[in-house]
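Each of the next two complexes has subunit A plus one more chain, namely subunit B in the first and subunit C in the second.
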Partner chain A sequence: MYNTERRPSMAERRPSIIASSAQYSSSSLVVPHLAGIEDPLPDTTPDKVDVLIAGTGMVESVLAAALAWQGSSVLHIDQNDYYGDTSATLTVDQLKRWVSQINETMLPCYSNAKLYVSNAIGNDNRKYISRDFGIDLSPKFLFAKSDLLSILVKSRVHQYLEFQSLSTFHTYENDSFEKLTNTKQEIFTNQNLPLMTKRNLMRFIKFVLDWEKHPQIWEPYATKSITEFLIEKFNLEPAQVNELIFSIGLCYTADTKVPHALQRIRRYLISFDVYGPFPVLYSKFGGPGELSQGFCRSAAVAGATYKLNEKLQSFDPTTKVATFTDGSKVMVSEKVIMSPTQAPRSHKHVPKQNFEIHRLTCVVEKSCSEWFTNNESGAVIVFPPGSLKSGNKRVVQALILGSGSECCPSGTCIWYLSTTEQGDRAEMDLDAALEAMEISIIRESSTDIVNDEDIVQITDNGQTVVNSVKLGQSFREYYPREPVQHLLKLYYTQHTSTPPFDIVAPSLFENETTIRANKLNKFTAEAGDNGVMYTAMPSTEISYDEVVTAAKLLYEKIVGSDDDFFDVDFEDEEEMMSNPPPAKYENAIIDDEDADHDMDADSSEFVGEMEI
Partner chain B sequence: MLQFKLVLLGDSSVGKSSIVNRFVKDSFEDLRESTIGAAFLSQTIKLNDNGKEVIVKFEIWDTAGQERYKSLAPMYYRNANAALVVYDITELDSLNKAKTWVEELKNKVGDDNIVIYLVGNKLDVCEKDSSKRLVSLEGAKEYAKEQGLLFIETSAKTGANIKETFQEIGEKLYDIKKTEVNTDLDGNTGEIEISKPSTNDTTSCCS
Partner chain C sequence: MHGIKRKKWTRELINQKKIHDRERINHYRNLVDKALLARDSNVYDLDSLKQTADILQLNPELNVMWNYRRDIILHIGDSFSEEHWNRELIFIMTQLKRFPKVYWIWDHRIWTLNNHPGSSLKLWKAELDIVNKLLELDSRNYHGWHYRRIVIVKIQSHSSENMSKEELDYVTLKINQNISNFSAWHQRVQVILSLIEGNEIDEKKQFFENEVSYITNAMFTDAEDQSVWFYLKWFIKSDVVKESLGQKSYLKMLESLKKNIIAINDDDIAFSGKGNKRCLNTLINIENIQKKFNPSLELHTKEYLQILIEVDPLRKNRYVHLLSNL
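So, the complex of A and B:
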């Protein structure tokens, strides 16, 4: 668009490239393998940078890496002494400090933080220590086919991280957890599904994989709810409708609009089998906190400067000088980008955060392995509207991470519950969901039952085998003798400008109007954040889907175009030679259009199966 | 093949990157260096275990400048098997800084889990002009002994003791690994390699 001449990128600026630039005349840049650690670094803070970014949350970190690799000089700061900001993964001690910051109202965009920490966690010979735990402030998982995943691979940031699969999605229904029927095979082998239902379900799945190509089917329902559409158009039963909307689609209400819901249901289905029989992944040692660190490291390798414990005091858009609270200054030639949580004390332009996300994070002293598939350590539990005692109107979503995720010690488990319900009702819903989960895990893991031959089978070698699926039913009346031990319980409300569901829209950054006013020298007197562009707080979205969109939008506003967003190829001799990637590799995760071809192939498989 | 993560710590300009470059680019021409662009460097070395050749691969993480304001991320230290804490023998203060990095490392990682090597770099400068040496060999050695660290002086410029340092770390780590060999040499951790999508569709029963 208004793209003027592009700054030379990191790769182009390297002497080794300039010397042999003829070889690298193609558009994709090759970065030599020692890039970033070849040259000694300057000793002092740069006195002039292109972009200043405050806050090391997911979006800011992806943006910093993209800009640094594109060739911009970036100073990336955070007021905290840890990485991650709104996306941080915190130890128990850090969490205590974070909560008191909120309650002293030193941290905008959060409120109502309440933290309980059991005395089993401490520093002197207690059972657990603070750093045994990594608690995510905005827990998220990664769809196997998603823009962030492509960028993780392309930028090589994935090499700093370890990923694990998550295949179990439970829907809470009639006071028990139903494991999701989410594979073609399961649909066909599930004895509980009547033939007609199987047929209808398969017909819907075939349609949704390329729903955009069949407007004749969905357009008449474009402004209607997905529930109505699934029942009227595909004759699906309530149980399947709930699973499709809430567990597969991860929607928040039953009246989600048809196109939105279809897109989300498709997202789950196309992510299945990209790496194996599961739709999502999560990163070990912490979610967004780890990913943020990875992108920050990548940005640093590309030349960005990092400074924690640094806070902006004010930015003067006329002189372009940013002043920090420690008295140091830097000249910013292009833009100051800032997370609302990092706003200077004298801020006047922080966008209104109109939406609430209520979160309840609970660490329990149970492994919860009953909820996981073999060898996995994560699960998702969804409580559809009306399924809880509280009469919840909106969904409560729970991400469960066990000790295999390395976020908590063996024998414990972290439950992340959240809801888009607003106001006081939200906490009631979260409490009801927590109670339902506690009752369920006690039923399923209880060992106080002996000598009941109906439920407990004794094998030849005398081992007791308890069938967890049957237990859910048989123990409806069972009252737990031992309640679930809470090691940590944290309630908080996060505020965001992103409406539940509208994944980041350009308009979110349109407080550019204030920036335009700034250009005309209409600055707000006494404001420390004139001319600053704020990023959006994380939305309620439980996947990372918004992150790249938001980072790209900001990138375009700074660079003028998003053409070269992470347009970097790394030199990689060994892997290329010894391990040629499968032919399908590039297309399988990066290119959506080609994916559609793959999907077509899959669809014909469905047809084949239908005729069995 | 055994693989170990090795991190470098120390103030900026003590020569951390030069040490890595000397080791990775120079020392082992006969073994391919594997190159991982923006992520980290790796280099393999050969060890001799009673006549049996053992190959050990180092995954070497450099700070990428994030140490300048003590802005290293927990990710950097995590699961590190060994750390080179580097100081400059011509800079008096750099040993004190190295000591704070050792503290930091012990706080973040726990010292029974990691082999720490204290490295005094820029030996070449002092060999030319002994008046340039400002950190005494004995003082540093004594500190290393107190703290239970390995210790050496090197020159990344001439290559002196660089190869030997990594070789010694390799042997040390190999010995540690051998004693715990029953734990998991290639246990299934459930980790997914995301740059390698699966090619076989396990749910299609008709293919």
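So, the complex of A and C:
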């Protein structure tokens, strides 16, 4: 059953790590590049562990690493022959198997999977081969200032990964993509913004950076919608309101409550200029799939045992013995933690997954570089409510990754679309967004139009005139002539117990886990999952923000407190010297409070005050 | 602190550190004593040059060592080859990377370049690239901006080209990147004065009218930012601006600025109920200038000062004093 078809692992891709860690021998002592998980099928499993974790998704992997470094003995298993579970990055062949598992209803929490793969992808002399592609099941990006990023650095898991910047956020409006105006520089230099709008926008951006300190401004609006707040209190125009709520705040609806939305808008703005002029990063070679693998490696270094192709048959909370489908057993002294996707066949306690996330992943045969900023290979496109032909009530978010991300071959691009819309409407919205993207990329990448003599005419006095009627026709005619080639198209619905948006409210996980913990004492006959604590399925959140909160709460449930969550202290200061942390860029939005100068001083001596 | 390991300072550790520090201090003192002795005995050779380098790496602030170093180089004379001079520049650069804000190092760099036997124009043009890089890393390092002005003057004097226009573009770029860049606004003043002096601007009136929109744009983008207001203060009082615009346009410009500043101030009152101290101070300045041209103009100074006492309590007594002088 173990399938060898896979993407190259981190270590195979980057032999440079070995070279560099040999050079700085100290760091190789701390985080060996490959310890542990290169043998995912060990001959023997331990007799006794503190914690058994099933599923190598993002949250479970972070949890495994945190527990392992804290000193717990961890057995981390996955029923699949690859790492990542709900966060996996899959090749096309792996994706085919995954889809058929869903459709054979062998995989809970997913439904309605439809996959189209073009003839151009195959393993026998086709244009592309299956493992040229790394498709994320729950694509995400990382804010430059976020919990997960600090943990990546602290745990040194970042050494296994490569990150790339993403600075382009487009908002879809009136059938076109508008680029964001969100930095002081852009606001200052944008010729199209009226002066008062510049002022209002800057005023809001400054306010939101420490909004909690100014209750007099937002409290009167605490239960109102962010839209109302931005229009009434800050006199912002609809275009800016949409940008702030949907692209910067990444909210799903216009009636998001003020504090929620402010929190999310702030998250974006404080991430800007931390490592450079961009708010978010994504990991090369695959998103959450890579990150979970990184954390698994870290856990293995700290002593956790890994076993793929392993599935729980049942757990007996009285004897504390976990039995696997291959007949092996392990004694678990503390807890069994499990992703709902890994539940034993005889499960009875998997929490209700009440919310749907609809996803459409499309690989197109176009580079889509028109959407990226120079030297980047990723972009985010947001379709606000009402902007699509389908009359969408909720936002459609799209994460675009080009070949520079090493997730797809040159000349192709992956479009990840998702919506929190429920039911049948969702697929209509996703289709409408896909169509809008196709039209836009054809329009933007077509160079033929300017060269078409019928459209661009040069008059007698040398002026260039564009025939707009013909130009419009040309767009319409152009579209069917060369449609965007789909190499792969995948629809699926993922179910989750996390309502859209609740990543910032830890009470959610608290309640969930408390309820589950209470259930521990009610054992159900013939249930294989008595006493098992289930993790939450990935939520709609497009950033990694939920991950640390969820892992921390589970950690607290097991250890008793989260005080020593990743309290790792690698005894190695020399290494810091040879690998200094990235330089801090100056934040162009927050002013340093320069000492005020005396305005009364004779100003013809302006020079003196500014000099050294 | 981020990225810095917590250290528990036990008595044992403190003692160890003291012993370690004592060794380092003794080592440093010995080096300095030896070097000063050599200097007093008029020793000027490559060995003593090496000694000064060792000391300056420990403490770049010891200017007496830079002086001694220069004396040594001058005494060595012609046998201090071009290769030596180049190595000197590399030595200074490594020092600057570690200590970008030590005056003596910048001084020594200028001296070295002035005495370097190579092509001056080539050397100083290379310096311009270096300073561009430096200001990219830290756009508000005033040492960088000061050095930039010196480099520009040097290039101009060796090539007889006027670089003010390029310099204005550069400064505009830096301000666009961050309008709170005080040094860049200051450089803007210098560059404009130099453009006028060199008669480099054909359409002076148009040029300064564009400048007014640039300032207005900055004012609206961030009315809390003091560098814009400082620049504005220079601008409205500058004779160069007044003469270039002509009296009629100059007065029109003042009136239009005043209107916009009042709009910003009113907007602040509408939002927070408070007037804007920078607006009010500037309005007082503008009206004082207008009064000189139009003695019958009714001033709002008293009203503005009374509001300023409320909104700018730190300078309350100054405003009270100004009120009493009216």
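As a convention for this text, the second predicted complex is superposed on the first by the 481 of 612 C-alpha atoms of A that agree within 3 Å, B and C clash if a C-alpha of one lies under 4 Å from a C-alpha of the other, contacts with A are read in each partner's own complex, and residues count from 1 in each chain.
Going forward, a residue touches a chain if its C-beta (ideal position, glycine included) is under 8 Å from a C-beta of that chain, and two chains touch if they have at least 3 such contacts.
The structure presented is a predicted model; accordingly, all values stated were derived computationally and were not measured.
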- Once the shared chain is lined up, is A:Asp255 touching subunit B (first), subunit C (second), both, or neither of them? neither
- Message: After superposing on the shared chain, does subunit C or subunit B touch more subunit A residues?
- Response: B
- So, does A:Asp567 touch the first partner subunit B, the second partner subunit C, both, or neither? neither
- Go through the superposed model and pick first if A:Met196 touches only subunit B, second if only subunit C, both, or neither. second
- Query: So, A:Glu435: does it touch subunit B (first), subunit C (second), both, or neither?
  - Reply: neither
- Message: After the superposition on A, what does A:Glu173 contact: first (subunit B), second (subunit C), both or neither?
- Response: neither
- Message: Which partner chains sit in contact with A:Glu228 here, subunit B, subunit C, both or neither? Use first/second/both/neither.
- Response: neither
- Message: Between subunit B and subunit C, whom does A:Ala300 touch in the aligned arrangement: first, second, both, or neither?
- Response: first
- Message: So subunit A touches subunit B in one structure and subunit C in the other; where do those two contact lists coincide?
- Response: 153, 184-185, 573, 581, 588, 609
- Note on the structure: Within their complex, subunit A touches subunit C through residues 153, 184-185, 187-189, 195-196, 198-199, 202-203, 206, 569, 573, 576, 581, 583, 586, 588, 591-592, 594, 596-597, 599-600, 603-604, 606-607, 609-612
- Message: Looking at the complex, which residues from subunit C come into contact with subunit A?
- Response: 2-3, 5-6, 137-140, 142-143, 146, 176-180, 182-183, 185-186, 189-190, 216-218, 220-227, 230, 233-234, 237, 260, 263-264, 267, 271, 281, 285, 314, 318, 322
- subunit B touches which residues of subunit A in the complex? 31, 33-38, 40-41, 43, 82-83, 144, 149, 152-153, 155-156, 158-160, 162-165, 183-185, 272-277, 281, 284-285, 290, 293-294, 296-298, 300-303, 305-310, 375-377, 404, 570-575, 581-582, 584-585, 588-589, 602, 605, 608-609
- Across the complex, what residues on subunit B touch subunit A? 12-13, 17, 20-21, 25, 32, 34-41, 62, 64-66, 68-71, 73-76, 78, 188-192, 194-199, 201-207
